[in-house]
Amino acid sequence: MKYIHDFTVTDNIRQNHEFVVLTLKCDSTIPEIVPGQFAEVRVDNASNTFLRRPLSIHDVNYNNNSLKLLIQEVGEGTKKLSNLNKGDSINMVYPLGKGFTKPLNDQKSLLVGGGCGVAPLLFLGRYLVKNNITPRFLIGAKSSKDLIRLDEYRDLGEVMITTEDGSEGVKGFIIHHPVLKTEKPDFNIIYTCGPDGMMRVLSKYAAKHNIDCQVSLENNMACGFGACLCCVTPTQQGHKCTCIDGPVFDSKYLKW
Amino acid sequence: MVDLSVNLGNNLVLKNPVMTASGTYGYGTEYADFIDINQLGGIVVKGTTLTKREGNPYPRMAETPKGMLNAVGLQNVGVDSFIETIYPKIKDFNTNMLVNVSGSTVEEYVETARKINSLDNIPGIELNISCPNVKEGGMAFGTSCPSAIAVTKAVRDVYKKHLMVKLSPNVTDITEIAKGVEGAGADSVSLINTIMGMAIDIESQNPKLSTITGGLSGPCIKPVALRMVWQTANAINIPVVGMGGISSVSDAIEFILAGASAIEIGTANFIDPEITIKVIDGIEAYLCEKGCKSIGEITGALKI
Amino acid sequence: MVDLSVNLGNNLVLKNPVMTASGTYGYGTEYADFIDINQLGGIVVKGTTLTKREGNPYPRMAETPKGMLNAVGLQNVGVDSFIETIYPKIKDFNTNMLVNVSGSTVEEYVETARKINSLDNIPGIELNISCPNVKEGGMAFGTSCPSAIAVTKAVRDVYKKHLMVKLSPNVTDITEIAKGVEGAGADSVSLINTIMGMAIDIESQNPKLSTITGGLSGPCIKPVALRMVWQTANAINIPVVGMGGISSVSDAIEFILAGASAIEIGTANFIDPEITIKVIDGIEAYLCEKGCKSIGEITGALKI
Amino acid sequence: MKYIHDFTVTDNIRQNHEFVVLTLKCDSTIPEIVPGQFAEVRVDNASNTFLRRPLSIHDVNYNNNSLKLLIQEVGEGTKKLSNLNKGDSINMVYPLGKGFTKPLNDQKSLLVGGGCGVAPLLFLGRYLVKNNITPRFLIGAKSSKDLIRLDEYRDLGEVMITTEDGSEGVKGFIIHHPVLKTEKPDFNIIYTCGPDGMMRVLSKYAAKHNIDCQVSLENNMACGFGACLCCVTPTQQGHKCTCIDGPVFDSKYLKW
């Protein structure tokens, strides 16, 4: 069941020059949300946006009907949202899409994120912990200043890092990290969200080592709930909507 | 109580003038979590073709000032699958389910229409001769009067229920085409389909759509749509169904004053999935305020 | 240093590709408090007719989503008064002053053009065959290929300097008209003029414009304008001047990538009277960033 | 000379359910402004406005480069503007148009306003006082709750009132006020701004009694500085632009 709810901003914490975390509280009861699902957020008081903006659920607290969004400022929509203040109202259609699926009990997971793609991985991490699976994170960034909320992730499990300039962790891209260089991976499922290029590389890696890989796509969307067919991605079964058949797909299913 | 019902002719009676536009409302079910879709005057489902279509490659949409471009390109399961797998799920909705029919040859249109003619609970089709997003046709039929007439006539021969023909705005004189399809036996016309447009990403220097051009919809096209509805309503004697950018009660009433017997809401559903119900309620409130007993009293009531 | 200059042919050379659109920039002087108008590539002055015109009655404009409708109707002092009283004031601006020429008969166009041909400091005219706001003609010339050709040919015979023909978007196929006027001797084409639209005040149930319909301009029409510029640039061999909704550097660059040799800015000047200068500076910055030495390197450079 | 200046809101005082007074301060020196002139105000952060909004200058303080706008909330533009907070920025093109002209020294004036039309009359009143002419005000409203800032006007001169419901002053429209009922008016120039109907009645009144009448029109505008020709009004000399030939016209000059 999808809902249209008004939320109130209870907190807006700036992470760095381009990221904020919004905490939002709902008067209604928030429904159960699966990690990887997203919301279509209305952007109010903006001169140059028209459609809603898709944003992953970053964290959920069912006890007080609140959730968090991790927002990267890229254009007018995300800039407006990241400048909301405590007390401001925000309207969301949610929860949308198919989220990550739970690993088998004996599977070892690696959660790989880059850019705003780290957003759904926190919620996913919590979910894995709740299911007695310890997540390991591999996070890639341009530079150390782009790494945010590491403590939150570390609370859940090991955090490995690559930076393009080598200012923290391993220098290079995610694929250069030693954890992906071993003969035989010591995990058997990858969850990933981030730049297309990164996810394609991981999906090839997973195919080569014959392990599972769930990727979360960020295709442009108009509706977010399957009504417009704008957000398709080519799959083994033809065009599928990223918004309802995804955003999380088994990488083997995609025609990459 | 105000009478909102509209008779579009040939057994198509809407409980209120608010329908949803093809390609923006899936098969209706996509909105069932948000509103009671049985309250709608009608739902025009996805563009349907004789055989399954994968549609155009991604990217298929771009946001524009107060609007969007799309290049979906009629992705659909094909009419046989529609009849087998989708029709059973939607046939018992308590609203008018119309099928938007597309094709690239007259024969395709005819064959698709013939198959749909056999479905008891589909009271009409919207003949899409105006899709700008497929190479092989669609819009070509809607931008030339002789071919618009030809395809309408051919479909009319096999399709006995309500035949609504959806017109393209990408023409010099829309009234000419409207008169043509009226003469060819259409029961009503609907307009406008999207206006052909384009957008470029200046960083990559690529078009934003895989097909370079696409169809523009949303509030940005409303003034153009309203003008065409007004022109058309004054030119023909069959009912006109107006659409193009409707996203508020006031927009809907503008179209009705201009001469639309009913309206369709498209892109606005993406931003407010409850907009249709708000518009139905708002039209009723407007009529009450103006002391009207039925919607017909304001249809085409523009004071000029 | 980047070379921003553009040669549109027949002695019309712009120092940069940014001009202002007729009817939105008065005679240039209206903006002189805000910017140094000599920095512009060119200024196209108000639509000018053979005899004085009072234009349409008020109300003449209505705001629409990201745009506006106007129905000014070519209010102007007439070409003789222009020559006597206005030309002396504008002739020494250090930019290209083009006159937008309108009429309701071929003879009127010809007579007006002939008179302007004698003005040393007017390097060209923009032949407006696309004004949707006057009953007697204007747009009628621009929506039929034979009449577009006829008026262009007739004016070409008497007008020896740069002849730019301004095309109407209210047509099924703009490239057909573009090819026609190219063949008839135009030095360049400019497009688009406004798209015919309409708006209604639902409280009074009156049209918002005295003329019922009017011309739509502003960002809302940009996707349509860009598409037409791209189509036209690919169809003809004379330069294309693009316009329609340009209100940012990025908009301007989209038009240039689509094939416009130069651009005109209209409605956006009302909201930001300094926009032209910002666009000139922004184009230069973009070229620097992309490592281009001249504007020509990105003209029509869309990657498809 | 016209300018484009950014102002900062230093005060926003709500007058009643539909009127606010904004005080704005400019970093640049504000130019000399004639009463009746207006500004084209940019509306930021609004989803549904496109053009600037014309608003009269309500009051000016050259000493600290500040001025006031009196805003009536009618649509999205004026609503946005009237919800601006202290510290917010606002961009104006100003001063625009031809203002009221000074009366001859021996002229007695009556300033008649209704609705937001009272806005320019305060600044005009101050200007008359500075020129040793005592203004008298006649202000019309629907009801007493629509009467605002009366003290400001009373500081400058006598204030007469009509209300449609009789809740304050004389019951009826402006033209029903005794001051306009005498055989021979005890003033010889009327300055007026307000609803069209009111101004037309006054203009007839002035013609009948052969006195001067300056009316300030509120035609729809696109540019505000003579570039678009959208704002015309029919005059004895044909169509004239309200924005540059007006907004203040001698009523005899108009074709009413």
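Each chain carries a letter (A, B, C and D) given by its place in the written order, and its residues are counted from 1.
Here, contacts are C-beta pairs under 8 Å (C-beta built on N, C-alpha and C of every residue); 3 or more make two chains touch, one makes a residue touch a chain.
This one's a predicted model, so the numbers in the text were calculated from it and none came from an experiment.
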Given subunit B and subunit C, the chains that contact each of them: none
Centroid-based (C-alpha) most distant chain relative to subunit C: A
Geometric centre distance via CA averages, subunit C-subunit A, whole Å: 47
Separation of subunit A from subunit B, taking each centre as the mean of its C-alpha atoms, in whole Å: 36
Cα-centroid distance, subunit A relative to subunit D, in whole angstrom: 55
Subunit C residues counted as touching two or more neighbouring chains: 64-67, 218
Residues of subunit A touching at least two other chains: none
Category of the chain touch graph - line, ring, star, complete, other: ring
Every chain pair meeting the contact rule: A-B, A-D, B-C, C-D
Subunit B contact footprint on subunit C (complex, rising order): 64-67, 69, 143, 170-173, 195-200, 202, 204-207, 212-213, 216, 218-224, 226-227, 230, 245, 250, 253-254, 257-258, 286, 298, 301-304
Touch list for subunit D against partner subunit A, complex: 44-47
Footprint of subunit C on subunit D - complex, ascending: 1-4, 42, 48-52, 93, 219-234, 238-239
For the subunit B and subunit A complex, residues of the former touching the latter: 23-26, 30-31, 33-34, 46, 54-55, 57-68, 70, 72, 75, 218, 267, 269-271, 273-274
